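Every chain is named by a letter (A, B, C and D) in the order it is written, and numbering of its residues begins at 1.
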Amino acid sequence: MQRIGVFVCWCGTNIAGTVDVKKVAEALKDEPGVVFSADYQYMCSQAGQDMIKDAVKEHKLTGIVVCSCSPRMHETTFRKTAAAAGLNPYMVEIANIREQCSWVHKEMPIGTEKAIILGKAAVAKVNLNTPLIAGQSPVTKRALVIGGGIAGIQTALDIADAGFPVDIVEKLPTIGGKMAQLDKTFPTLDCAACILTPKMVDAGQNENIRIFSYSEIEEVGGFVGNFTVKIKKKARYVKEDICTGCGLCTEKCPQKKVPNEFNLGMDNRRAVYIPFAQAVPKVATIDPNYCTMLKTGKCGVCAKVCTAGAIDYTQKDEVFTEKYGAIVAATGYNPISMDKFDEFAYNQSRDVITSLEFERLTNAAGPTAGKLLRPSDGKHPHTIVFVQCVGSRCSHDAEKGKEYCSKICCMYTAKHAMLVRDKYPDTEVYVFYIDVRTPGKAFDEFYRRAVEEYGVHYVKGMVGKVTPEGDKLKVLASDLLADKQLKIDADLVVLAAAIEPDKSARPLATMLTASMDTNDFFTEAHPKLRPVESPTAGVFLSGTCQGPKDIPETVSQASAAAAKVIGLLCKDKLTGNPCVASSNELMCNGCSSCEKVCPYGAITYMDKEFRMPDRTTKLRRVAMVNEAVCQGCGCCTVACPSGAMDLKGFANEQIMAEVDAICK
Amino acid sequence: MAEHKNYKEQILRISGVNPLKCMRCGKCSGTCPSYDEMEYHPHQFVYMVETGDIEPLMESKSLYKCLTCFACVDRCPRNVEPAKLVEAVRLMVIRQQGQNHMKPDDIPAQVDEDTPQQLLMSALRKYSK
Amino acid sequence: MQVNENFKPLIVAFCCNWCSYAGADLAGNNRLNYPAEVKIIRVPCSCRVNPMFILRAFQRGADGVIICGCHPGDCHYTSGNYFTRRRMSLLFSMLDYLGIERERTRVEWVSAAEGAKFAATMNDFVAQVTALGENKRLEDLRCKE
Amino acid sequence: MNVSYFPGCTLKTKAKELDVYARRCAEVLGVTLEEIENWQCCGGVFSTAKDEIASKLSSVRALTEARDKNQPLVTVCSACHNVIKQTNHAMANDADFALRANTYTGEPYNGETEVLHYLELLRDVVGWDKVKAAVKNPLTGKKIGAYYGCLLLRPGKVMAMDDVENPTILEDFIRAIGAEPVVYAMRNECCGGYVTLEDKALAKKKSSAVLENAAAMGAEMVVTACPLCMYNLKKNGGCDLPVVYLTALLAEALGLTDATHGCKEENNG
């Protein structure tokens, strides 16, 4: 028989406000096995924990029930407390009487009654708990960073600086991501390339960093400390180690009409290309969708001009497997499609552009060499209208756009407006806004400068329709403060499109078994206290794949994720989860049902000799669980027809006892 | 007065609109083709219904300027459907006795030989009960 | 049908640790009310729920049982919820045959981000079971106090 | 194939050619339009008020008849189509409204009928390829601006015919008959038709804005499905850009008649 101590937490008034904690402690006192029952204001405090430790010693407790907040919050805390008192940490059970009781029920009698039942269920379970000892597994001291934007680069650099090898897998031919496409950055107006390219070079030259560009993740297996990842290196038809990046092929290629994705299709590149001058790795890539040689077998100009002999039309996709201890998702974002918002005529006029396209139009390395010219006729625009919140802050039932605020648009629009007025003072600039949101260091000051020093017209209201007519864009909009409908003849309209997670994030999350929110942003382990970790152990989050962020926030999160990875890789061994499956050999009939449902291949079979009652021996086929590989889902326990398979910590008997306690 | 207080409730019920969803972006008024003819504009309909300031709307000619073109409905990022509020307020007026905005006798003067039947029909439906 | 105004059903909810239990916690964080008749049992994955547990619950006097797991494709253990879906559809049809109405059993996918869905699901399920009244089938009277 | 057909008041009077050509062209394309028996006027405008039941009953009756014949219900007039489709949507999705309407008609109907505009019939039932194949007199070189107006597309979630802001169905139609579509932004803006009696000045402003934009983008004529738009654009458009019905263009392309001469004849007869 266990000797159980029950500890009921008030959590200030969080629990005590709707649950009569004294009554709960009193009611649980007489449950089978309970020898001690008490309540306290904050069980998780040092004093509360000391109270538990003292009670363990004084009452020779063998099991503990804490009626408190969710086990997702403080289960670890109380397990440590138990361990410090000399108990096995798995002799602790939590009754969740805060999140699932006091916070969702309003009346004291109802809350109290439910809390007592939840407490009884926990007591019933602890009565059947057995001490569990966690296995240990080694840590592969290498990290994988998926995505080579500023987030991925920063994470990789920080991990590499700590002395651990790290691989960056980037799906495009170069690292750099969205930041490489930006012109200036707010609120300091330093040039994006000037601050990003040195980091790209650092990453390219760091001996601890390997960059797999033009590569994608195919498969992820394993678990924290021991991931096995299949990486596909797409054929770029250029030998990476031989190509010098001289760019001669990209000048001679006769296929000139390939939309240049780096400039968002606003100009053309060749079929063999280097995305931009500072690309890392600076290696040419042949686009198989456009290359005449690959499509028809006739051409071969690039191979002829390449003095290094780096062109290889026979190259094939290459899939290889690497082992990692930790994985960082840094898959970034994209602006949403403007198809659902064609009242702004994005699909009808080339002079209606997104803000990212505007970045390229003002960038010295962009399609206009930094001169702000209209895409349609190459003329200088004299009136520019910026529209904020296009596709952000839409209600769910509007069935278009995103519900969240994209966060960065207010600031980059202020930047664009300011830069235009600075460079071309003859230009009238209108910004239509719903709210100007500038929480951030020196952000509001920046926006005010755009208004006060640069004379940008900020109009509270929204554009309702853009009508291309002749060489003008007729903009119809509301000015809510003046209570007027404005009609502006604009030359250029810039849409601050909402941002969304990159499309590759969803399949990646499935491979990583990392959870996502309804918008396909990765979910963090805790929204406040563990913002850079995924709930899946060993998977970390960096940058906008977790939510909209500007550059400084992205870099902070990237470094934070790196710190978490370093903390993990520093360990030689990881303590595993002892709540794993185990098979009772005497009951196992060797049917293989469990093996078939195990997603980890943790179950194998072996022939084992058993002594029979008549002193003969018999060879029987029985299931064996590899405890280091088992993740403890329990699927096999249900599949087992003979009841041989059970899950430690969540045993059939334990759950049945909980059911009984609840249904009593 | 008690009856007046009831207006908001009735309008919300017959329109099925929840004005609290509005984030006051003004896109409805930015896209309204009748804006210049209206004294109160679509976003004001939403706001004034929400605050219960309904009598001015009922007295306003704006009620009869809405084209029922639904541009505000389809373009609203919050799916507020301002046009439905305009119609609901209009109904509050014309459903009262003697408040028909257009009477059958008014029509012949406006009609020419090409006037399609549907125009007469819809005008009566929209402006009288 | 006779409806007992004061009838409060007894509902057992099995929630997977990674999505639905967290979703229930989020409902708490956001103070979204649902009836106290719902008692949650934490399991690592919805696929840990053995049909025996459900039978036991009905035997012991539960009026409804709901199993909540991660959305298809989002299972923390890759595929557990698919097994749940198949197992439970078989079990529920068997229970239906035994006279336990389909409305007393349910499988619902609730993610860690769906606190509102959790509360709404529980409100709906409790209302549904309340409308059916007390469950007499399978109940073992010896288990009642 | 036979489909139920709701012509509507205007197609029987001021817009006869819209009706006659719709039937003839459909026959050529292998579809027979079976006129609903004893149809009543749709009312010309859909009331969004949840408590307006009676004004929608004529639509419900037509929908019920089509349901009983197990046929989709086709309309040509944009206004009838808008009213009937919105009514159908309400019958299917607003249980309270359906209950009350069914109490009036006495015949349970819950939005089972598929409501198709003539354009949807061409696109989804006949198919553009078949239309193209049937064209005998392609309108090659004609630059035609599609005029959707407001009724054909909105509210988008209910009409669900095409993308509300970026529609292509009329442009596809124009291409199918061999002409060249001209895309202009005002194609899905209101012509002001409903206020023509109330405020002529406003109607003039709206119609002329549409035609000016179409002309500025190079359209030589504008095609519409709506008699109200037709009247208003012609009367109040303040511009000599021709406005034609889509069925007239289709008839011309199918070699059934010469568009301009045909109208007069049918109107007189």
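We take it that a contact is a pair of C-beta atoms (placed from the backbone, for glycine too) under 8 Å apart; a residue touches a chain by one contact, two chains touch by 3 or more.
What you are looking at is a predicted structure, and each value in this text was computed from that prediction instead of being measured.
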Selected interface, B-D versus A-D, where C-beta contact pairs are more numerous: B-D
Most central chain, judged by mean C-alpha position against the global CA mean: A
Distance from subunit B to subunit A - Cα centre to Cα centre, in angstrom: 46
Centre-of-Cα separation between subunit D and subunit B, whole angstrom: 25
Contacts with two or more other chains, residues of subunit B listed in rising order: 71, 75
For subunit A, residues that touch 2 or more chains besides their own: 343, 399, 465
Chains that touch, pairwise: A-B, A-C, A-D, B-D
In the complex with subunit A, residue positions of subunit D that touch it: 157, 163, 165-166, 183-186, 189, 212-213, 216-217
Subunit B partner contacts - residues on subunit A that touch it in the complex: 343, 389, 391, 393-395, 397-401, 432, 434, 460-465, 476-478, 480, 483, 485
Interface residues, subunit A side, partner subunit C - complex: 70-72, 96, 98-101, 103-106, 110-111, 113-114, 117-118, 121, 509-510, 513, 515-518, 523, 535-536, 579, 597, 599, 631-635, 637-639, 647, 650, 652, 655-656, 658-660, 662-664
Parts of subunit A lying in touch with subunit D, wherever the complex brings them together: 339-343, 345, 347-348, 399, 465-470
Parts of subunit B lying in touch with subunit D, wherever the complex brings them together: 13-16, 33-34, 37, 64-65, 67-71, 73-75, 81, 83-84, 87-88, 91, 102, 107, 110-112, 114-123, 125-127
